[in-house]
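In order of appearance the chains are A, B, C, D, E and F, and numbering begins at 1 in each one.
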Amino acid sequence: MTLADQLVIAPVVLPAITAAVTLLVMRRRRHLGAGVSLIGCILSLLAGIALFAQAADGVIRTYPLGNWPAPFGIVLVLDRLSTAMLVLAGVLGVIVMIHALATGADRRGWHFHPLFQFQLLGLNGAFLTGDLFNLFVFFEVLLIASYGLMLHGQGAARLKAGVAYVIVNIVGSALFLIALGLLYGLTGTLNMADLARRVTEVPPGDAGLMRAAGLLLTVVFALKAAAVPLHLWLPRTYSATMPVVAALFAIMTKVGVYALIRVVPLIFGAGAGAAAWVPSPWLFPAALLTAALGFAGVLAARGLREQAAFAVMGSTGTVMLVLSDWTPVTTAAAIYYLMHSTFAGAALFLVADVTLRLRGQYGEAAVAAPRFAGQQATGFLFLAAAIAAAGLPPLSGFIGKLLMLRATADMPAQAAIWATILVTTLLAVIGFARTGSTIFWKAAAPGAAAITAAPLSRAAFLGPALAIAALVALTIAAGTASGWAVAAADQLFDTQAYITATLGSADGR
Amino acid sequence: MSMAVEALIALLILLGAAFVLIGSWGLVRLPSTMERLHGPTKATTLGLGALLIGSMIFFQARLGVWTAHELLICVFLFITAPISANMIAKVHLHRLRTGAIVEPNSIAGDPPHPGGEDDWATFEAPPPGPAATAADR
Amino acid sequence: MEFLVATAIAALVAGGVYLSLRGRTFQVVLGLTLLSYAVNLFLFAVGRLIVNRPPLYDKAVAEHTDPLPQALVLTAIVITFGMTALVVILSLRSFLESGSDQVDGRIEPDEIEDQP
Amino acid sequence: MTLLVLLALPFAAAVAIGLLARFPRSVHVAIAASASATGLALLLSRAQEVLAGAPIAVQVPWVPALGLDVSLWLDPLGLLFAGLILGIGLLVVIYAQGYLARAEATGRFLSFLMLFQGAMIGIALSSNLLLLLIFWELTSLSSFLLIGFWRDRADARQGARMALAVTGGGGLALIAGVLLLGQVAGSYELPAVLAQRELVQQSPLYPAILTLILLGAFTKSAQFPFHFWLPHAMAAPTPVSAYLHSATMVKAGVFLLARLWPVLAGTDLWFALVATTGLVTLIFGASVALFRDDLKAILAYSTISQLGLMVMLLGFATPAAAVAAIFHILNHAAFKAALFMNAGIVDHETGTRDIRRLGGLARLMPLTAIGGTLAAAAMAGLPPLGGFISKEMMLEQSAHTVALEQPWLVPALAAIGAALSVAYSLRYAIGLYVGRTRTGDVPAPHDPGALMLGPSSLLAVLALALGLLPMAIAGPLVIEAAAAVTGGASMKVDLALWHGVNVALALSIGAVLVGALLLSGYPLLERRVRAWKTPDAKRLFEHGLEALVAAARRMTLTIHAPSLQRALLMVFAVAALFAVDGAGVAGTIVTGDRATTPASMTAIIAWLLLLVATLAVVLMHRQRFLVLIFISVIGLVMALAFIHLSAPDLALTQIAVEVVTILLLLLALHLMPKTPRLLSGRGRRVRDGLLGLFVGGAAGVGAWAIMTRVQGDTISAFHWANSYAGGGGTNVVNVTLVDFRAFDTLGEIIVLGIAGLAIFALLEPAVRGVAGRRLRAWRSDMPHSPERHPVMFVMVTRLLLPIALLVGIYIFLRGHNQPGGGFVAALVFAIAILLQYLASGFDWTDERRKIGEHPLIAFGVLIAVATGLGSLAFGAPFLSSSFGYFHLPLIGEFELATAMLFDTGVACVVLGAVTMALAQLSHVAQRAARQPDDGGAA
Amino acid sequence: MIGTALHLAFAAVSLALLCNCWRLMRGPALGDRIVALDTMVINAIAIIILIGMIGETNAYFEAALLMAMVGFVSTIAYCKFVLRGDIVE
Amino acid sequence: MRKLLPHPGLSALLLVIWLLMANTLSVGALVLGAVFAVVLPRFTAPFWPDRPKVRFGRDLLVYTAIVLFDIVVANFQVAAVILFRRNRDLRARWLVIPLELDTPEAITVLAGTISLTPGTVSSDVSADGRFLLVHALDVPDPEAEIARIKQRYEARLQRVFA
């Protein structure tokens, strides 16, 4: 095994080492710890990019951990989608880390850096693994790290919201285990490729149980993705946590979507009998409601964080709406929009953070405040983030929406999907225009209390600007990016290739 | 395995089990908490003791190896059981004193005052000193 | 035996669901505890029940329990423990911060006056 | 290349101005003006060849997956529009410099203006429909910024939002329409789409396509009933109004109708929708304009009316009407821009825009008066101005149009519209410049400087020139543009003031007369009209929007009440629903073929114990302390069950975890209420109970179904077979944990480590702020015994510590081959240490501890990872294990495995995390007590 | 003979468990319930030993050992809680 | 020596426990056990600061034997009480035992012994450490029982903990 082959493990090992080192260093030498953490993020990103480049040739690579052959040991699988997600998480991680350092958010509580690194580790592991139980483990890693991060900075509201967030997800994990138990009990395996192979051989008497297992997995993933009615945890969690953390969380709902994209075509695809495409009949209405409720929330929001939270929810709903058709074309569109909406959500939260810091006691609430330093720059950043989140031109969201609209053009539910996507866009436009014009345009009545806010370094604008830059890059390179998305989706639906790559031959053993 | 050994094993097993049962039965039928507290020490000592010795001989007879593990379990139980009993008794005394429980049909009644100036430790903090453990120093 | 295990799982899940739907963190934590017992038992049971065949390798042994679900349950127990510890302390912390351990969205009378 | 430069210029200017924000405003103006001028020059340099029938085109691939490319072309129609955009843009820039006060953020203004100009140029040049959509929405966005430029004013913000909502919303409909159109036509490239008239018009989707696209065009062009945003957009600075409402923004809708004319026009539906809307808007706008007193409002409604006129003409769908429409676009651009600038001058000089407070200004500001009057005359359609010619062409076309089988209907209505426009135009000119002198807020207003007067005068002159020399100035352009609209050959058209006596002339004269009459009876008319309560569209819109927002808010708050119960209920309910879904599959077998295992009496009694304890937990859940005892019982039964069912490792873990969990719960319970109030009512409890029974039943059935099935071949057969040979251990479970699935274990210990860190982060600050105050105020709700450290207990724990450590070491070392392992060993260590805490107190124990928890966690993770990485040196994948049997004198044969090193990492993390959790929790109250009270500030 | 003895022993210990359960539920004092739990742990150790004998395996020794060593910790903790509220001071 | 073996008795106990666990008398186990027997008490020495002097000799052996014998006997006696004595005939008593022993270690051993013999449970120590409170399940003559305990156990322990 060459070192290039060993690179696969880097996105997991690097954050682990960085986390441990920052944990050791941080207590005495804060700056060194922060530097190590940032470098760790950058190295993880570089590893992700290198792997992405490897996967660009369309070959699915596997990495047998512990040198045990699949399906007996745990195997990491490197394909277009997983590496793209690595890059997504890596870029987001670097941006959010820069923002945290620039605003001193990491100093608002304990262990920000180890938790952050572990969060990246969990994400990367979840993207890479080819084993369903291992996916559970990495879900737990990224969840528990997210609990820690979510509570960073604390305060009564955050703690209360945290209680709900943690508990709901613990219940979700319990369901995950039940689903895993059912699957193992029926098929005797945990490897996803092996599952895909064995699912086709399940006797008819087991079909109902198989279906139940698939549906339970759907519940788990939909809970992470915050699909209605399993979304109730999201708005409170995201608007109560520190915006910089929420910015990182923009990818959390996408992990649920990723898991759906990874598992459904592979295991619950056409060959799965009664369990074929299990989520579809439920996912469509749920996603429709998610998008609708999410953007209704954007319209109704009275603060930037709340608004961003609902925007994240709505955008994930939109992605799932398109996804629910389970064709390569719709999946490709969903993947592109997933990438876009991650950065858009992060940008919104980062702008909210800057606003919050600049406006002192007025915070990010949609109320008039006296003029504040950096108002114009913040306003522009908000405008860009809002354009992206609403899916308006010229940023990538519009291209993503066009891709999604086009991909769903031949679906029976075309009218419903189009109406949802377009009407929610309008709701978002109105909602963002309302909050934005109030916060960045409206001036408080004379006599309003002067803003008391600590001065903010110019570096604080770097994070949001980088998030916007990522969106701009995704726009300019839309052709390439959407091409990747199409290739990734095609690869996902070529399940035989996945099985062959993982198990050696299409029929295993 | 000789008949005698087998009989011995069976006897020890039955004896142990019987004492375990009697201990628990005492828990059911004895009239008040302090009396019931005598049950577990019974079960612990001869009940488990006999069982463990039975098991020891059993494994020697069956598998031809002397296993000392049972002795070890005995050691641990002998170390820990009195502490449990002591702490539960303290709970009882404390709750009795604070009026949380009333036991009109307790036979022994309330504990007498110790002979010296100080009350029982449960009711009065021991002064710092050798008897009061190093922890208070 | 299978019946006992299945009904035990059912009872634990039922109790867990009921308790986690009560309005206070402590009860919810108890509910989660029951739920996790049930899940561990379930995960264990999918390896099928076999009495007295511990998964200790021996060439002579032909029949043995399925070791894999046991390994999975061990992982699950550890993870659940971590989660439980966190949620217990989080509940406490939240209670200390707000003066109420209610999580059903309503506010307790004593909570308002304690708000800073 | 020209086209790309043309498109890029305004955007580049916008960015440049933004970047040079600190520079003086003259720099900004220079950039904006030179960008517009350069663009215009570039355009004119290519005008000849374009009009000669050689459109320029360029295509840069962008998103091939979507059919979206940067395809630009310059045809006569685009040339006309681009020319208007750039030409009037240039004048507006110059005008703005005079108009805006020094204190205004001219840089920002011009930057927005250039952004807008770029978007408009994009619309004019796009030959890809999707690209056009992008620029279309971009005009909505940039106009939002421009209208809201005076951000402190509520009306500016509202107007901006309204414009964005209406035009942006229409744009969304347009997206759908364009996508459908592309879907039917098979391409988004305009030339290809325009060639598919038959295909499109016969498609069943045609009505939808047309309706959606018209929604986009009508909202943008402020057609009735979407007109209401336009008057409120007047909150913008006047240069913006002059730009947006003469030549650009609102014309985009007209442009789109013209652009898609070849593929969409010509059907009955087209006529019904487009012509009717245009006609209604023409009359409606005109009649409202007549009764407004704000100069800009008059102009706004007149714009609506004039747009209606153009839309109506396009609705007629005849080549001649197209020519008329195109020529009117040109005329309207000239006179309307001139008029807005004129109104701006008056406002600027007199301080008011209220026509009732103004009059006789011709004497004070003669040059302004001349320009204004000329432009108004053009708007009225009076000869010899350009407006007259296009108005007459319009009446001519109307005269030939039959609607509802009534030949008189359209001409009559068109004439009424014309008459009204005469009336409001004259009212504007006469009201301002003739009659008694009224000067608003300023005693003696005068003509402004050249910067403001120049552009408006130039445009007024242009309006005149278009009447006097129509063919020379605009003939070829109009003819070629109209040909581009119809997609046919160029028409032979003669633009002239005099076409002889015909119906149009008669109607025209009639219109002027009626208009004059209307104006003479204005006071009477006005009283009548003012008496009507007309619905205020803006208020309707605002109220509607507020209601929508309020409804959304209510819904959002209701649905997302901060209730954990609801969230959990949903999870369980969905899980239950899905269980039903799964069970519904036909042919599903519940009980399989596997023989069940007989249950011993002990098993049954243990089971009974478990059920009783579970029931007790549920029933007594408010007596929290008692419940913990019952939980212990459940844990005990679980451990027994694991042993009975051949899972010694699980039993070990269960026993140890149980102890630690109970300690944890007791520590937490100490600081919480012991018997809280009951919260839920009976109905709720019954509901939750039933749901619980259902979900539990489903889980039980699932477990039963799996357990009674014969197990097929599992991957664990491999684990069993390779445990000793390949993993070097006989305890297959342990080998699985540290070898086959070591990656899981790595994740698992990381979870535990994170839990420790998160707990530390939670409890460290708990001693300050509100929580700290509450901790200090905490008085236990139970009476306490004064004795802290019972002597027997203390003594025994001292003895037990080394023994327990020894046992832990033993369990650890044996783990690979017998039940045990790093996790349980670490728990034993932890319990041994915790016992010290319990017996001797926190401080005493803590000062004797040697290793902190943080390093334990960190080094544990590092050890585990480093062990895994070790295999990389041998070219093996991460976490590949190695083991060997060694012989040492005295000690004898023993085994060493890298997996044990990994297990050491596991043990470190577990020990660190567990002690961290409990130790932190155990002394939080003491720490708080030591903390000085900071008054509760967090 | 041993087989019969083991079965009888199982029955006896099971009955003992039932007795503990009765006391556990009945109370009435907290002390009673704690005693019941403590006894239950000891009876559980007995069961583990019996299971080991039936299966003729040593595999459950660690479990019994561990239970003997740490089983009393929760008992102590419960007592300390009732006595002091704070189990670690 | 004290530095190396802070609690020699403990070290011996640990070695024995290790051998019991390892269930072998091999040299390897002995060596490893010895290492732990030395290392662990040193490692945990801070947690056991006092060093009680204990005489490991005949006295201790005799004491142990007596206690084991008493445990067996008392078990049968108590079994009889539980099975056959009616509750109202039960002669449960509190016994207050004045202590001569003065180290906590010695008191703990005495109290433990009393608890381990069924029928008596050490319930509390007085705050000054001079009295032991014992609950007896069935004693006809408390004074005699106190005397028996003092002479049979305490006196011997005094010799062990010199």
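By our rule, a contact is a pair of C-beta atoms (placed from the backbone, for glycine too) under 8 Å apart; a residue touches a chain by one contact, two chains touch by 3 or more.
A quick map from chain label to UniProt name: A = Monovalent cation/H+ antiporter subunit D; B = Na+/H+ antiporter subunit G; C = Na+/H+ antiporter subunit C; D = Monovalent cation/H+ antiporter subunit A; E = K+/H+ antiporter subunit F; F = Na+/H+ antiporter subunit E.
Fair warning: this is a prediction, and the values are worked out from it, not measured in the lab.
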item	value
Subunit E reached from subunit D - shortest hop count over touching chains	1
Neighbouring chains shared between subunit E and subunit F, ordered by label	B, D
Count of contact steps on the shortest path from subunit C to subunit D	1
Chain at maximum distance from subunit D, centres defined as averaged CA atoms	F
Which of D-F and B-E has more C-beta pairs touching across its chains	B-E
Centre-of-Cα separation between subunit D and subunit B, whole angstrom	69
CA centroid of subunit C to CA centroid of subunit F, Å	40
Subunit A and subunit F: spacing of chain centres that average the CA atoms, whole Å	62
Between subunit B and subunit C, centroid-to-centroid distance (C-alpha), Å	32
Touching two or more other chains - residues of subunit B	18, 23, 25, 37, 39, 44, 67, 69, 72, 76, 79-83, 86-87, 89-90, 92, 94, 100, 121-126, 131-134
Of all residues in subunit C, the ones touching two or more other chains	20, 28, 42, 45-47, 51-52, 54, 56, 68-69, 75, 79, 82-83, 86, 90-91, 93, 97, 103, 116
Overlap residues in subunit D, where contacts from two or more other chains coincide	562-564, 566, 568, 572, 644, 648, 669, 699, 702, 706-707, 711, 714-716, 719, 740-741, 744, 748, 751, 754-755, 758, 762, 770, 785, 787-789, 791-796, 799-800, 803, 807, 818-819, 840-841, 938
Interchain contacts, given as pairs of chains that touch	A-C, A-D, B-D, B-E, B-F, C-D, C-E, D-E, D-F
In the complex, subunit E residues that touch subunit C	51, 54-55, 57, 59-60
Subunit D-touching residues of subunit C, taken from the complex the two chains share	1-24, 26-30, 33-34, 37-38, 40-42, 44-58, 64-71, 73-75, 77-79, 81-86, 88-93, 95-97, 99, 101-106, 114, 116
Sites on subunit B touched by subunit D in the complex	76, 79-80, 82-83, 86-87, 90, 94, 98, 100, 121-126, 131-136
Interfacial residue positions of subunit E with respect to subunit B in the complex	1-2, 4-6, 8-10, 12-13, 15-17, 19-20, 22-23, 28-32, 34-36, 38-39, 42-43, 45-46, 49-50, 52-53, 56, 58, 61, 64-65, 68-69, 71-72, 75-76, 79-80, 82-83
List of subunit B residues in touch with subunit E within their complex	6-7, 9-11, 13-14, 16-18, 20-21, 23-25, 27-28, 33, 36-37, 39-40, 43-44, 47-48, 51-52, 54-55, 58-59, 62-63, 67, 69-70, 72-73, 76-77, 80-81, 83-84, 87-92, 94-95, 100-101, 103, 122
